[in-house]
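The following block contains the structure, expressed as structure tokens.
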Amino acid sequence: MDLNTALRELRLLDYLRLLWGDAPWVEPVLDLISIITVSTFCLLIVIFLIWLERKVIARMQDRIGPNRVGGKFGLLQTVADVLKLLTKEAITPVGADWVAYNLAPFLIVMTALLMWAVMPFAPTWIGVDLNIAVFYVLSISSVSVVCLLLAGWGSNNKYALLGAFRAVAQLVSYEVPMVLSLIVPIILARSMSLIGISEAQVLPFALLVPVSAVIFYISALAETGRTPFDLLEAESEIVAGFHVEYGGMKFGMFFLAEFISTLFMSSLFATIYLGGYRFVLGELFNPNYTTGNLAGILIFFIKTFLVYFVFIWIRATFPRIRIDQMLNFNWKFLVPWTLVLVLVVALLDRLVADSGWTVRTLAHLSSNIVIALIALGFARRRAAREKLFEEEFGVAEEIARPMILGSDGHDDHEHDHETHGQPAPAHD
Amino acid sequence: MTIFIPGQQGDSVQELTVEELRNKIGTGMEIESEDNMLLSMGPQHPSTHGVLRLLVELDGERVVNLAPDIGFLHTGIEKNMEAKTYTKALVMTDRMDYLSPMSNNLGYILAIEKLLGIEAPPRAQAIRTILVELARIGSHLVWLGTHALDLAAMTVFLYCFREREYILDIFEMVSGQRMMVSYFRPGGVWRDVPAEFEPQMRKFLKFMPSRIADYEGLLKKNPIFMKRTKEVGYISGEDAISWGLTGPSLRGSGVDWDIRKVYPYLLYDQLDFDVPVYNEGDVYARYLCRMDEMRESLRIIQQVMDNMPDGPVNSDDRKVVPPPRAELGRSMEAVIHHFKLWTEGFKAPEGFVKVSIESPRGEFMTYLRGDGGPKPARVHFRTPSYVNLAALPTMSKDLYVADLVSIIGSIDIVLGEIDR
Amino acid sequence: MNVDYLMPYVPVAVLLGIALFLALLLPILSVSLGPKRPHFRKMQPYESGMTAVGKAQRRYPVKFYRVAVLFILFDIDIILIMPWAVALRDLGLFGLGAVMIFIAIFIIGDLWAWKKGLLEWD
């Protein structure tokens, strides 16, 4: 392989490996190079991504979006923003816990960057192919809860504290269906390495187990705190949530981390459910087709941006849900049905393990559709029951409760206090 | 800044800064439990629609107690009006409900006309009806946008403001001003509408129904929006009446009360329109009410546009209405009237009048007392936002902070009107 | 301890170093580039333009703990399922059946928590 092919196919590392032979220092140096590439790459993409999101959402809302800095399309807007944030004063508010307040943005940027180590951009373009990559991603991403907690607690601000309350309840809750839905592709791929999962997808898993994909997508929305799950920084309710007190680059770091992790979530979705860098159509028509590095990167980013585009689309369309609804949706709908899904997929995988792809696909797909239909049927029946209650008593259940317990709500509240800590009587 | 307020013992005087006074209002609220958190939402808060301050007692996320605190935008409009002639005081009414200045103008002008015993010619009445209904649509658009924005549906906000821009352009075309129009004058309107007015309005009437359908497409059947608004901020019809709610906030609770139907003014008794009433009494019912009202307003405008009378737009009562420019060169009398009206202003008889109109937010009542001189002796406005806000604690008891925001949006307050 | 198991994590450690560098660089740049004009008013915590009533660092309401405890119960057990998911085919029927029971207990647990009102948010 000469330098030209290496450059053309973006296989510089292989070229260097050939060039340098197998001296003991070669592998660590190559690792270092790839990891630096990965981290700078994701930062550059994020700069572009922020511009893209602003532009796309502006178009959806009948606006123009950034159009001043960096030419007609405002390409350098983000750079200008970063420069502006950098030249702002760094303050720590009175009464804030200095360590917690300053540690939070620092930690959150670190966690956001660390996740990228295992992301395969292309067949040989990966920081490190860990065999427990999914584990690694989940463990790193759950650190961000601690950051939000530190930020909200350390700010000495009530809005921030409310934001931290919400962040804990939300991020912690949606971690459960997210991890559960990830078990499904792991069962199908028999691997926790992201390359392993990509390679296992003859057909994208989104076609095989769409329910799992949808659940993962919803949880990813919640985990990154985007609309309709942007309760933790709900601007109209708690002003900016956990980062009210942050200004200048400290705010910028939260912002950066949020975008990096959103991009990461969409690329994780693209990798796990859409086949990552693999070009499925090409493989279907030509069995000998293998994706090169350049094509791999292109396909990977097309898929990632498609997923991200839906993030933006949802943000432009949906209102925000309330905290009790968010938790109810999670614990009463997502978690039980995801558990059922894991059960069914495991059983089915066992049953059709030795059959061909067609049979497996059809089996999984039909089971998924059946689960989705049953789950929606249950939800609909529940809604119908609530409606029946309303018709029978003339008022909604939620409104009726304080009326039954006490005339003006005060009694109801005291009653609440007595039962704090113990499970309250079930209302359903 | 220091102000003096009477202390506990009648004669002693306490010195307090405004801030201390504000916080006194805060700590004066009875806290139910020491574990609860006292939080002040506003005046600098994104969703209190201006400078409303709510002192909220929170148990986790639940609102236990709530005390609205107003007065941050007090500009002394009513008192200031006493120092101006009737005509000059008009500009101050624009600044109260700055989202529908046309309605304020109308309420005040109708009061003056009633005090003087004059009436505007038919064409002026028609123009007034069109513009007031247009202002209603414009105001409801801002309400819809900000209400949706409070619930984080950002796109609706921008769509609404796009259409409102069109309405403001029409206002600018007729009055020269986008917001502070002061277009209605005692005895008529400032001047006739320009020739482009009619095609512009026809265009508006043509595209607006589909735009309203667009907003509804984004919200009406959206499950999250319904979850956030249904059964939230409930107030019964009786409660609504005893709190004195008016406008869509009252009609959302099933009370059929619209000043345009009950005490018709302008051309409303000759027009065919419905008053949307919904029985649920929650935020969603108020939402449906306002959305339907926009459609009804379009119907009203359509009818008036189709039967637009010709003729003068000002009363020919020269003691009130200044003569047209062209007459000044020909008639000595006109010059005298012109001079009198623009220096001293017209004199109104002694006595008082009360005139109610249906502003986009509810019943807007003007109390006007004349003492025979050219300046009003007392002006007072019963503004709907002020009264509607009082019901907020009742509506939002034991709900979540997020619901509080949605309820504030649904009663559609304008702080300029509350504080005056 | 077998060092080979840790070898794949060397790049992760390197990335940790890079992330540390970047996360330190941003605040340091900001402190050195930004102005320093502290003021009493500027340093006050934000409470919608009013002086804060009471202190903000307070106890969490117990309901948030309930969610956190639920999470810990579920998450730890899910983490136990993940290695099983990888090795599902090699484990045979026993492995499948054992975890089926395990997951079934979970579903029952979730429903029980629901029935007991643990999932009611107020």
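So that you can tell them apart, the chains are marked A, B and C in the order they are listed, and the count of residues begins at 1 in each.
Keep this in mind: contacts are C-beta pairs under 8 Å (C-beta built on N, C-alpha and C of every residue); 3 or more make two chains touch, one makes a residue touch a chain.
Every value quoted in this text rests on a predicted model; they were computed, and no experiment measured them.
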Chain-level touch network, classified as line, ring, star, complete or other: complete
Central subunit by CA centre of mass proxy: A
Distance from the mean Cα position of subunit C to that of subunit B, given in whole angstrom: 48
Gap in Å, rounded to a whole number, between the CA centres of subunit B and subunit A: 44
Centre distance in Å when subunit A and subunit C are each reduced to the mean of their C-alpha atoms: 13
Where subunit B touches two or more other chains, by residue: 37, 39, 45, 59-60
Sites on subunit A at which at least two other chains make contact: 158-159, 161, 165, 239, 323-324, 416
Where subunit C touches two or more other chains, by residue: 46-48, 52, 58, 61, 64, 122
In the complex with subunit A, residue positions of subunit C that touch it: 8-12, 14-16, 18-20, 22-24, 26-27, 29-31, 33-38, 42-48, 52, 55-58, 60-62, 64, 67-68, 70-71, 74-75, 78-79, 81-82, 85-89, 93, 96, 99-100, 103-104, 106-107, 110-111, 113-122
Complex contact set, residues of subunit A against subunit C: 28, 31-32, 34-36, 38-39, 43, 85-97, 102, 105-107, 109-110, 113-114, 116-117, 127-131, 134-136, 153, 155-161, 165, 168-169, 172-173, 175-176, 179-180, 182-183, 186-187, 190-192, 239, 244-245, 248-250, 252-253, 323-324, 327-328, 331-332, 335-336, 339-340, 342-343, 346-347, 349-350, 353, 416, 420-421, 423-428
Subunit B - residues contacting subunit C, complex: 19, 22-23, 26-27, 35, 37-45, 48, 53, 55, 59-60, 62
Complex interface listing, subunit A residues touching subunit B: 57, 60-63, 158-159, 161-162, 165-166, 227-228, 230-231, 234-239, 315-325, 395-396, 398-399, 402, 409-410, 412-413, 416-417
Contact footprint of subunit B on subunit C as seen in their complex: 46-54, 58-59, 61, 63-64, 122
